[in-house]
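First chain A sits with chain B, and in the next complex the same chain sits with chain C.
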Partner chain A sequence: MCTVVPISLTVGANRIVPTVAIPYPLGNPALDPADEKELRRKLVEKALKALQTEVTEQTVFKDE
Partner chain B sequence: MRLEIGNIFIKDVQFGDKTEVKSGTLFVNKDELAKIAGDDERIKSVEVFLARPGESVRIIPVKDVVEPRVKVSGDGGIFPGFMTGVDQVGSGRTHVLKGAAVVTTGKIVGFQEGIIDMKGAGAEYTPFSKTNNVVVKVEPLDDLKQHEHEVVVRLAGFRAANYLGEAGKDVKVDEEKVYETKPILEQVKEYPNLPKVVYAYMLQTQGLLHNTYYYGVDVKQIVPTFMYPTEAFDGAITSGNCVSACDKNPTYVHENSPVITDLFEQHGKTINFLGCVVTNENVTLMDKERSSNMTAKLVEFLGADAAIISEEGFGNPDADLVMNCNKIEGKGVKTCLITDEYAGQDGASQSLADSTPKGDACVTAGNANVVVTLPVMDTVIGYPEVANVIAGGWDGSLNADGSITAEIQVITGATNELGFNYLTAKTV
Partner chain C sequence: MSKTRIVHYINQFYAGIGGEDKADVPPEKRDGIVGPGMALSKALEDVAEIVGTVICGDSYFSENEESASKVILDMIKSYDPELVVVGPAFNAGRYGVAAGGVAKLVTENLELPVVGGMYIENPGLEMYKKYGYFVETGNSAATMKKAIPDMVAVIKQVIAGEEVTGYVPKGIRVNFFAEERGSKRAVDMLLKKIKGEEFQTEYPMPVFDRVDPQPAIKDMKKAKIALVSSGGPVPKGNPDHIESSSASKFGKYSLKDIDNFDSSNGETAHGGYDPVYANEDLDRVLPVDVIKEMLKAGEIGSLHDYWYATVGNGTSVANAKKFGKAIAEELKADGVDGVILTST
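Here is the complex of A and B:
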């Protein structure tokens, strides 16, 4: 899970889940706490799904 | 846009009854300077010190370094957007107290502030050991928030520099320089047979005390834009950076922007220097993509054959550097990159966070992780204990005898990515 996807690609990560911003990858201070929790949950669920997905090459899991 | 620069060489700085320049000495009325620098209700106290080359003096933590300048003619004033309205600067005539500098210090704001030693091993790494420094120590009110503390000290430094700069307004100068960039169609015609070069000037804008300003605008909020090179010489770009001291650009470095002065040096001889694209280093991927797209578009639109791209800071801005390189090269424009390295204390690690095969012309300003010991100084202006917390230091960097062992990252300007530093390499 990372914000700067090109760096993850350069260093050779297999499964990449894009996140919010460098100072707050898994949150967003502009949201109210309930919405931010929803955002965090979605990101974690996406990462768990990515882990269970077979990949044959470097894969970025974008929003569906 | 044409700017005359008149350099007044300052060889010494002294306190005096009147702030004035006499025979190469800058005399400073200490109380008047403290009053002007401290003219902000959020400031509790201001103290003024002098630190000259070769003296056994350490300044810590250093926030910004500012060069005193004054507009003699032409629109606007030094540091537009903060001190002098927002008229376009960069034309007319500007006088510079060359050899003098204002250094701001005081209680630490962030964790990424610097050290300037005027003598010893540390002095060899910082360009500001060679300037006659007027050190302004600013303490804010106790309950001031961090970001406001940063603003208060920054503006105090600008007020101090502009106050000193005024002393050079009617002084006979020691050196004259003239810099000119014409509107693009005329500029292209002036040297039709020389390769056309644009400078992509990346500025640190990660937010949270990592900010840079253009005419007072927070650069993370701009889309990349064109700048006449001489605008920088009148303080159009100012630092608001609490970023690693070695490779942030203090305001002084923007005022003397070395890539610009070197490009001007070759202008009309080996190249045709068309101007600058000012761009940012933001914290979301979308911002990085948007800004690098816009930068490449502007470089192409200006008709460049080649572009110099300089980075400020390190880490995720390496991704901005690589995007700018790939996209500008993608327009068929040759690039040369300027960066520094974080290759570990032994120099064996990967130097940058990102990379590209297109970055095959790259200049490094040095490895910021190299460890040095800075000897004891007779006088310390500021707070030596912050050596244990600033970036490049660690718990224990301040030794019992007052010496400091830390990475050169702690030294202001040690690996400056505009080349305003002393590190060099030679083949033996």
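Here is the complex of A and C:
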């Protein structure tokens, strides 16, 4: 899970989930705490989904 | 001009003593050329002379490095050389390590230039490349025909006192003055790139591994998940003192008593981004609150008891690789099925 996707591609990650921002990849301090947590949950769900998806090459899991 | 005196270091195999069964022979010296020294000497006949050859069994060297080094150094010194050539060792691991070890010995004790040859993946090259001009060779002796002229070219440059090219970078910076300033050179490079012309980077990227994607997790409700991060998430106070940049280590921390991060129990050790948001709520870097809820709700089977953290800020690829390997081995041993890696 990373914000700068080109770096993850360069270093060879196979399942990549883009995140929010460099200092808070899994959050957003501008949101109220409940919404921020919901955002984080969605991202982690996406990561778990990526782990359950067969891939044959480097894959970026973008928004559906 | 008198010819440059060269001593050549080779192993038992290239000296014609024998293969693995003779790898335990102690060091010996012979006047003049032996084995591959023949081709080297012919190509160098105008400028240099191989005055002596020092031979040592590869196993003997690795098992008796200290005593063998002393003997080999004395043997090399006895010929009063001006340059030492080691190998080529191709992809022979112990030969590479021995040849590299001799290069180090010569560099540190005799302050003479060393030229060698090795396959790029020979462990001896990574260990000792800073102690000599090592030419990249093929991976077996079948490429001797290519290795010799490449080594000869470097040897000739060294003897002539010219700029040396065509060797594996030693990882040592050399200062020089460029005619154009950096911004101009960068823009020139960019324009060439856009035009599809060749250009030479001033900052080559390291070579990164590629790993085959692992199979998908079939049933997340039974899977064991672990959290790992290069964003520096550590317990409050950074107990292991992980460096804010160029990290030399990673930390392993228990998730047992943490269900949710706040400013009292977590912080980031990372010095490459604004830490304010992570220090307020480290879940923004390592999603412990969410993963613990998922665990309770049965959305994942289990959670690995620890999280692993390092700082990916200016950290060398070699260190990162070392950390990754160590962490992966622990995760595998603990039966982890999937890992969420977060980075900042």
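In this section, the second predicted complex is superposed on the first by the 64 of 64 C-alpha atoms of A that agree within 3 Å, B and C clash if a C-alpha of one lies under 4 Å from a C-alpha of the other, contacts with A are read in each partner's own complex, and residues count from 1 in each chain.
Definition applied: a contact is a pair of C-beta atoms (placed from the backbone, for glycine too) under 8 Å apart; a residue touches a chain by one contact, two chains touch by 3 or more.
Note that the structure is a prediction, hence the values are computed from the model and not measured.
Chemist: Both complexes share chain A, so when I overlay them there, do chain B and chain C fit or clash?
Modeler: When both complexes are placed onto chain A, chain B and chain C end up clashing with one another.
Chemist: Tell me the contact category for A:23 with respect to chain B and chain C: first, second, both or neither.
Modeler: Both partners.
Chemist: For A:15, is the partner it touches chain B (first), chain C (second), both, or none of the two (neither)?
Modeler: Only chain C; A:15 stays clear of chain B.
Chemist: If you stack the two complexes on chain A, which partner ends up touching A:3: first (chain B), second (chain C), both, or neither?
Modeler: In the superposed model, A:3 contacts both chain B and chain C.
Chemist: Compare chain B and chain C by how many residues of chain A each one touches, and report the one with more.
Modeler: Touching more of chain A: C.
Chemist: For chain A, which residues belong to both interfaces, chain B and chain C?
Modeler: On chain A, the overlap between the chain B and chain C contacts is residues 3-4, 7, 10, 22-23.
Chemist: Can you check the complex and tell me which residues of chain A touch chain B?
Modeler: That would be residues 3-7, 10, 18, 20-23 of chain A.
Chemist: Residues of chain B touching chain A in their complex?
Modeler: Within the complex, chain B contacts chain A at residues 206-208, 283-285, 288, 316, 318-319, 322-323, 353-355.
Chemist: What does chain A use to touch chain C in their complex?
Modeler: Listed in rising order, the residues of chain A that touch chain C are 1-4, 7-8, 10-15, 19, 22-27, 29, 36-37, 40-41, 43-44, 47-48, 51-59.
Chemist: Could you please specify the touching residues of chain C with respect to chain A in the complex?
Modeler: By the definition above, chain C touches chain A via 205, 208-211, 213-218, 220, 223, 225, 231, 273-278, 280-281, 283-287, 289-291, 293-294, 299-300, 338, 340-344.
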